[in-house]
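Input: a single structure, listed below in structure tokens.
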Amino acid sequence: MGFTLEEVARQVGGTVVGDGSVVVSGVAGIREAEPGQLTFLSNPKYERYLPMTRASAIIVSGDYAGRQDLNGKPLIVAENPYGAFARAMEMLGDPADAVEKGIHPSAVIAESATIGEGVSIGPQVVIGKEAVIGDGTVVYPGVYIGAGVQVGRDTIIRPNVTLKAASRIGDRVIVHSGSVIGSDGFGFAREGDCHRKVPQIGTVIVGDDVEIGANVCIDRATVGATRIGNGTKIDNLVQIAHNVVVGEGSIVVAQVGISGSTEVGRGVVLGGQAGLVGHITIGDGAMVAAQAGVTRSIDARERVSGYPAQKHSVAKRLLACLQRLPDLFRRVKDVEARLDRLEEDD
Amino acid sequence: MGFTLEEVARQVGGTVVGDGSVVVSGVAGIREAEPGQLTFLSNPKYERYLPMTRASAIIVSGDYAGRQDLNGKPLIVAENPYGAFARAMEMLGDPADAVEKGIHPSAVIAESATIGEGVSIGPQVVIGKEAVIGDGTVVYPGVYIGAGVQVGRDTIIRPNVTLKAASRIGDRVIVHSGSVIGSDGFGFAREGDCHRKVPQIGTVIVGDDVEIGANVCIDRATVGATRIGNGTKIDNLVQIAHNVVVGEGSIVVAQVGISGSTEVGRGVVLGGQAGLVGHITIGDGAMVAAQAGVTRSIDARERVSGYPAQKHSVAKRLLACLQRLPDLFRRVKDVEARLDRLEEDD
Amino acid sequence: MGFTLEEVARQVGGTVVGDGSVVVSGVAGIREAEPGQLTFLSNPKYERYLPMTRASAIIVSGDYAGRQDLNGKPLIVAENPYGAFARAMEMLGDPADAVEKGIHPSAVIAESATIGEGVSIGPQVVIGKEAVIGDGTVVYPGVYIGAGVQVGRDTIIRPNVTLKAASRIGDRVIVHSGSVIGSDGFGFAREGDCHRKVPQIGTVIVGDDVEIGANVCIDRATVGATRIGNGTKIDNLVQIAHNVVVGEGSIVVAQVGISGSTEVGRGVVLGGQAGLVGHITIGDGAMVAAQAGVTRSIDARERVSGYPAQKHSVAKRLLACLQRLPDLFRRVKDVEARLDRLEEDD
């Protein structure tokens, strides 16, 4: 199945420069693309591959429209080439393994569960009492959906996911394999030398259009709810503790850990492996650098890095000073010698 | 199902201040609680919510007993309000999704396995040869219990857990979803440019009253056993390598990594995302701060932080010095200028 | 089943010192070994246990061959005692729980899938359309193998693993429990305040003789392939993002995170919890210390540590300076006082 560049450009919101009747039938990276495929350039790091790509056409930003070294190869010029490529992939990409419509006979589904229209439930799935699965949702093999869990419409639950604690999962959500939503929060009350388990009886509420990576853990609240806002995207191996709230449209990169009861605002970006202590607030639009250790609340739109995390501009200056520390030691030694001489002269 | 405050107070070891005949039928956080529910105040950060809570009663410490702004709302005064609330939740909380008693027909259980009295085994479970499941234990759907694994009494194995390597799991243990106990340790012997796998033939021994979070990995020993002591609590996404020993009553927070053969004492607290190198010893009662990188053995009751981890008091002083480093550069520059002038005068 | 020391020495490439007719029938660590077992000494930290071990024989390096305090206990002297012990374990170790040959009736296998000779497929396995399982491969219970996935020969897929995205897994690979290969990469294009999912349509290609730990995530490429080279070993809870390339014979320790499109060379060692940003190159034979934060490309054979990671020798010197920082503050204060006096005198 192919499309002309004109058709693709119309769909992705770009403009053809060159021959718009060229047909492309697939997409690929700038180095791997073959004739007949469409590629893109977004990160300038890959600019050097531009003249050599074997792709039949390239999605670029306006800066590249007039370049001579492209030998007249047709282009689609778009404001956001990566976004345009994403849309092109939706047209031209190869859909992944699908689950057949209907309920596989090996699935074990409680009689009191409610299964919507057009749902696909794969083999070896288990769905508990009074669970609700919305219309058009796909549940891959090996998934466990506990009693009282509610899954919205057109949501995709990948293989071997566990949903518990009467969690509520929104519409058009994707949960990748191995993730656990609704496991007990880590709460213990000290009694002498022992740690007595604090029962965790809250739930997890995941908004619409959320994506949750593989092997992520989102714990149920002690009481109340752990919440993930609409449109938030969570990468693999992230830990979200009990009673955490993450706002709408935030990005949580792989291996981040968010401790209990911390509230993360809207449009926040948490870099990979960053850690947040509990009971703090991260303001809307804040950015936390990768591996940062956040030990206090962060203002809206603040950018922080390092351990303990502080304003990125300050942290950068401290790192620059640190680099020059051996030199400073030498300078102080020199100063001391000069003083010795002056004092002797005195 | 409700209880009077007097009944609750008796059960949780507290004293009613106010009307002890008030009936509560549920528990909730201080902000979410509704009339008819019981809440608590433990962390002073939440004190500001005290006057506005809609809860019918509050568990507090003695400090709050005489406060005027509570409008005569009945209190349960307890030495440890969080611990008392935990016990109240056991009375009033809503139990999570349960597995029915007996063995689901879709479970595949080896004939030579021994299944105790009152055991619940959910759908799609697989139990291998000569495995032993103790009385009253609950095995959720999708769990794999390998050959020779022994699980104690009244233990709970959540969905999609993997237990291998003839591991021994104690009584009253909880293993949360996605965790893997008894996977091979990461052991290779270099042979020229290759890494030859060192067979991992040891086991894992988990004591009684241990809780293991979601997506945790505890590797089997190369030879001998990886051991987790009684009453130790392990949070989500923790990595425990082969031949590690963790003592009794320790707390291992989310995303911690413990390298091979390291021995962690009793009552130790390892903060989130901390990493420990292999072949070291962490003394009883030691505390390792979040994100610390521990590269040497730690004495009993020592508190360490930073990378490489050192005594917390020292690490804090260094961080304070670091903050003042730009100022130090300025002072040295100033000193140099003053010296220049003095030397000129000289 | 036992072997004489002479037989073991021949197999492991060592030389017996002492009575070569002694029979050993198992292996164990130096502290746990009992009479009848063979142990080894490789790490000098454990040298102190040498005189007390109850093992019937010990594998050591040549340095220990003449020691008096071993009371004439027979030794196998080998150049690489750990490697020799690994081979001895292959002779004497106890194989783990096995899956029976053939296909368990509860497995759900697409008609169009190709299953090789001598394959074992356990209960509750699901294998999708046109998947290929090579000869002699073992698929443990609860595994999901998606449509079009190709698994090589003599490969072992442990319980509850998920293989997706038409991934290609080589020969003699081991994938431990809970790992997810071929989940979507974390790619979003910003559209105003929203993040639009970039479809991930690439695959994952895993070479031969690779070992992948438990609860690891290896994402499929956006387009093209995420690649793991032959003989590379990956520990538990590692995150490998879309379009990453890892070369042959590399070692990736637990909880490492590698961001998108980064290329790791051959024979590289990435220490535990290290994090690598995206779109960089790590040269062949480079070593990244545990917890390092790598923010730029690394040359071949370079050793780096710290945050941001820099040459290990430089990072060590900076850490040493940092330790002496309080002293430097005192020295500068002292210098300032001396200057005050000199200026007064002036």
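As written, the chain order gives the labels A, B and C, with residue 1 at the start of each chain.
Assume a contact is a pair of C-beta atoms (placed from the backbone, for glycine too) under 8 Å apart; a residue touches a chain by one contact, two chains touch by 3 or more.
All values reported here derive from a predicted model rather than from experimental measurement.
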**Asked** Over half of the interface residue numbers used by both chain A and chain C, so same, or under half, so different?
**Response** different
**Request:** Specify the angle of rotation obtained when superposing chain A on chain B by their C-alpha atoms, rounded to a multiple of 5 degrees.
**Result:** 120
**Request:** Could you give the separation in Å between the centres of chain A and chain C, each centre being the mean of its C-alpha atoms?
**Result:** 25
**Message:** If I count partner chains per residue in chain A, which residues reach a count of at least 2?
**Reply:** 106, 124, 142, 160, 178, 215, 237, 255, 273, 307, 322, 325, 328, 332, 335, 339, 342
**Message:** Which stretch or stretches of chain C touch chain B in the complex?
**Reply:** 27-29, 31-32, 43, 45, 80, 82-83, 85-86, 89-90, 93-94, 96-98, 104, 106, 122-124, 140-142, 158-160, 174, 176-178, 211, 213-215, 231, 233, 235-237, 249, 251, 253-255, 267, 272-273, 290-291, 306-307, 319, 322-323, 325-326, 328-329, 332, 335-336, 339, 342-343, 346
**Complete:** Note: in the complex, chain B contacts chain C through residues 106, 108, 124, 126, 128-129, 142, 144, 146-148, 160, 162, 164-166, 178-180, 183-184, 186-191, 193-199, 201, 215, 217, 219, 221-224, 237, 239, 241, 243, 255, 257, 259, 273, 275, 277, 279, 293, 307-308, 317-318, 321-322, 324-325, 328, 331-332, 335, 338-339, 342, 345
